[in-house]
Amino acid sequence: MNKVMTAKEAISKHVKSGDFLFIGGYICRSPFSAIHEIIRQGIKDLTITRSNAADDFDMLIGAGCVKRFIATFLSLGLYGLGRCYRRSLEKGIPHKIEVEEYSNLSLPMMLLAGAMGMPFVPVKDMVGTDLLNVKSFMGENKYKMIDSPFDGKPTLLVPSLNPDVGIIHVQQADESGNAQIWGIGGDCQYGANASKKVIIFCERIVTRETIGKDPSRTIVPAPKVVAVVEDPFGAHPGYTPGFYDTDFSYGYLYQQASNTEQGFKEFLKEWVYDIEDRSAYTKHYIEKLGYEAFKKLQADFDYGYPVSYAY
Amino acid sequence: MNKVMTAKEAISKHVKSGDFLFIGGYICRSPFSAIHEIIRQGIKDLTITRSNAADDFDMLIGAGCVKRFIATFLSLGLYGLGRCYRRSLEKGIPHKIEVEEYSNLSLPMMLLAGAMGMPFVPVKDMVGTDLLNVKSFMGENKYKMIDSPFDGKPTLLVPSLNPDVGIIHVQQADESGNAQIWGIGGDCQYGANASKKVIIFCERIVTRETIGKDPSRTIVPAPKVVAVVEDPFGAHPGYTPGFYDTDFSYGYLYQQASNTEQGFKEFLKEWVYDIEDRSAYTKHYIEKLGYEAFKKLQADFDYGYPVSYAY
Amino acid sequence: MATHANDYIKPELMACCGAREIKDNDLVIVGTGFPAMSANIAKYTHAPNAIMMQESGVIDAQPKRIALSVGDPCLNPGAAMIGGLVEIMGMFLQAGMVDVGFLSGSQVDKYGNINTTVIGDYDHPKSRLPGSGGANPIGSLAKKTLIIALHDKRRLAKKLDFVTTPGYIDGPGAREKWGLPPNTGPQALITNKAVLRFDKDACEAYLASYHPGSSVKEIVDATPWELKVADDVHETQPPTSNELRVLREILDPGRLISIYEKKGYV
Amino acid sequence: MATHANDYIKPELMACCGAREIKDNDLVIVGTGFPAMSANIAKYTHAPNAIMMQESGVIDAQPKRIALSVGDPCLNPGAAMIGGLVEIMGMFLQAGMVDVGFLSGSQVDKYGNINTTVIGDYDHPKSRLPGSGGANPIGSLAKKTLIIALHDKRRLAKKLDFVTTPGYIDGPGAREKWGLPPNTGPQALITNKAVLRFDKDACEAYLASYHPGSSVKEIVDATPWELKVADDVHETQPPTSNELRVLREILDPGRLISIYEKKGYV
């Protein structure tokens, strides 16, 4: 089934205000094209989750799209604390979001459990700390402590998560949504598969035959997928292995802009609201920052070896 | 660290009577070379596990190496019921093994839980059936039913497994044990990673640089591995994608031989006890069944595409 | 319009009966033999978007020969995704995404419970069978299970020696009580004589259609429980010529299916 | 014999202090900055078989430049294995295989508990920090944790505003009571003035060595709790010329480490 559509169509058709979204990426394959489209469409009251969030989540929060955040971490990495995140929690600008705190072990396991159809999963971290003392919108269901029925030891259980929509950016997918990656995975595979429907953004749409040449690379199979968007350079300023590098200079631009509420608004206007799609974004990038900067981001070629599945 | 050794060395050094072994494979990449070596070395009283066991487990049982079996299934597939398995359970030949019954959902999840350091894992199958009514050597710890602390629903918990040794056969590994596969996985990844130490059998030892050209293919990393054995054709009569096909004729040979206790003994003498290693096995195969039969098993070439991880 | 063929063997009819239970876009977990043939007949006829998977880890395989096991080499090249047991049994089946699962057994009772573990006493077996494998989780978690069995008073059993795989367990409300997912359970029991379906309320298999050459009386007599008969009981639709063409020309040119005749499917 | 260099900056000394805590064959979970440099110094000197991993999913990366994040592109080509968070945090850390983890924090108390969540009241924060990320599980489950902190009475705190990551929690027996694995917990607290180690019985950080240019008194005065001093307290061994060579010529030719001086590590 051909599920190819534009980012605009995919987001307007499958993401609505109030939804619970898993948005994958780990600097590696951040789905920025989707983030921008969500902001442009003025979608509100989202619950969002990912282990180790970064500039993309900061931007969604600053743009006022987010009501709740199932969180482990949010920072701009090299560029320090998330400015919009801080403004939201410290000053209520544009509004104060609700945060449920987990960790980079517990949250990935909750997504794994969601993907596997488990109701909950035992984890060994978080105990003895304030991560158990603060509870937000998940209330008493944030976790449960039980005595293990096997050995009586205190055991922490955390609930599985099943987001309404999972959004990830991958290297390649076919028209029906079989999605393949290589390189750093973050929590993409289980986050996407835990979701009730998945939107795949990709660098390249390839044929079903190409997918079938190396099916062990597929992390999300077509039956989970509702839309496929071909958006090259769609993870910029994050990177995609084999396609382009992280854009540290742009990261600095974002840090500087988001230092102030006004700066952030201007940044959004320039890079999101006044931009129609990824094609316009790429064009604006080249116009503003120069073709040399764009070209410098393009990945080197260093190819591995093909394998055969034949018998 | 160079962990390369012969099958003989790997088994004698790392497998001892009374151990609990995970032995991977699913017709795909059955570690027959290891199975034969275990039989040859007269290792006894093993507890063995895998989801969907086949001729290799039947052979281990018939050879008297096994005391206990954490099982989901054992058959010869196309060739019907496991003859040695039946003789053991129906007639106590060579002795009656103890069987703990699970399913192809529960057991893989118990291995996943073992690999992930979880104490137990909730599963949704087995309830309402005799799989819960029969308990063997795991006794009351075979499973526990609890009311979920989240929603009060009856929830089945099964314990994680951590075998003493995991043995798998893969397409390629480097000298330190980074092991890569493509194609059908069965429960190899989690079974091996759940084990306290892992022995890797492989078709080819490759350089660390080759591994690094496509690190997303690695399913067991070197720190888990204690021995690496290069045994081409080592999964025969099972298959290895990209290397050789399943040998259905040999499967028939085994079925016919194992129909009787005497026939099985003669088969073991010919193909295991009188054979020194995989090299002698391959030589004997060619002598006995002809080079054409051997050649026919060799896989076609149908290579996919290389990818680049560069930036 | 589909015309119906007369020259077919019983296993072919049974495979077609299975195919007709599959809807377009269904996700189907298949084994070998009948199930694989049924699912493929459906895919080549009325359900082109049905997707098949094998528990060993394969989704949407493109085999160039009939797969002789769920781990067969021919399932690898061309598949859409290959993982392992955890991906299929966990990420699809336990996650509630599998629409149709096929099962067979040495004993099946009126509630669609199945025994593939042991004939005789568990501790002192007359015949030790393979065990659950994927059967229990498929019977527990697939939305519809289709059961294939030989129709005699030994295979259709009043009481199983061992319940490996749950049908409706001990009747109405039992699946719910045990916490199995809503709207799951056996949908049809396809034998070499008839198609039995399951009454939603009684959870019991009743006669829906008798195969050409058989009769209601013969079937009732060959069933060990008091078999209820549908008001609209009718003859099973024979294979259409299109179904047979797909089966014989595309899926099984070597007519491997005929080995089921030797196994008693006549 | 290793000779000791005199011309080094404090962050270089701290990186070397971290490196010396790593043994050959250790599995080390690293972030960026100090931890990555410490682990690499160890690997190039006394611990050639130490293996590093990043929580994003990478084992034994072969970066050609200093990684600026744990998801940095340079971690991909040449790694031994790449999966995702579940593989590193689950299959290694929770499975009990990680020997050494590095942590830093905005507040650290005498039990080695760390705050990276919030300064001020949680609901009305003065400053919202990133949160746990991988810190809590590393502090919970790595066999040894090494903590990096600035040595002043604000960063070393009598009481944390929020306990993000467990050290010895509230003292002896607390980790055991909460079910954390045996023989885990903070091993050293490396500051810009000193190396503090943890007393096994009291679970409290004590002064083990003072960096050249500092003194026991200065350190005791800059510590908000009553700092115990080891009987064999001594000056921290300066970087050896070999350690410095590795750091400057191989690992960090661009001297990115000097940015830590601007962050107060002087």
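Per-chain residue numbering starts at 1, and chain names A, B, C and D are given in the order in which the chains are listed.
Quick note on the criterion: contacts are C-beta pairs under 8 Å (C-beta built on N, C-alpha and C of every residue); 3 or more make two chains touch, one makes a residue touch a chain.
If you're wondering where the values come from, they're calculated on a predicted model, not measured in any experiment.
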On a CA-centroid basis, which chain has its centre farthest from chain D's? C
Cα-centroid distance, chain A relative to chain B, in whole angstrom: 37
Euclidean distance of C-alpha centroids - chain B vs chain C, Å: 28
Between chain B and chain D, what's the gap in Å when you average each chain's C-alpha atoms? 40
Residues within chain C bordering two or more other chains: 58, 73, 76-77, 82-83, 86, 90, 93-94, 141
Can you list the residues of chain B that touch 2 or more other chains? 109, 116-118, 123-124, 153, 155, 182-183, 185, 213, 216, 239, 241, 245-246, 302, 309-311
Considering every pair of chains, which are in touch? A-B, A-C, A-D, B-C, B-D
So in the complex, which bits of chain A are touching chain B? 109, 116-124, 141, 144, 146, 148-151, 153, 155, 157, 159, 171, 181-183, 185, 210, 213-214, 216-217, 239, 241-242, 244-246, 299-311
Which part of chain B faces chain D closely enough to touch in the complex? 1, 115-118, 174, 178, 193, 208-209, 211-213, 215-216, 218, 221-224, 309-311
Chain C - residues contacting chain B, complex: 55-58, 68-69, 71-73, 75-77, 82-87, 89-90, 93-94, 113, 117, 122, 125-137, 140-141, 162-166, 169, 174-175, 178-181
In the complex, chain D touches chain B at residues 27, 49, 51, 58-60, 62, 73-74, 76-83, 86, 90-97, 141
Residues of chain A defined as touching chain D within the complex: 26-28, 51-52, 71-75, 77-78, 81-82, 85-86, 89-90, 101-106, 108-109, 112, 123-131, 134, 153-155, 182-190, 239, 241, 245-246, 248, 302
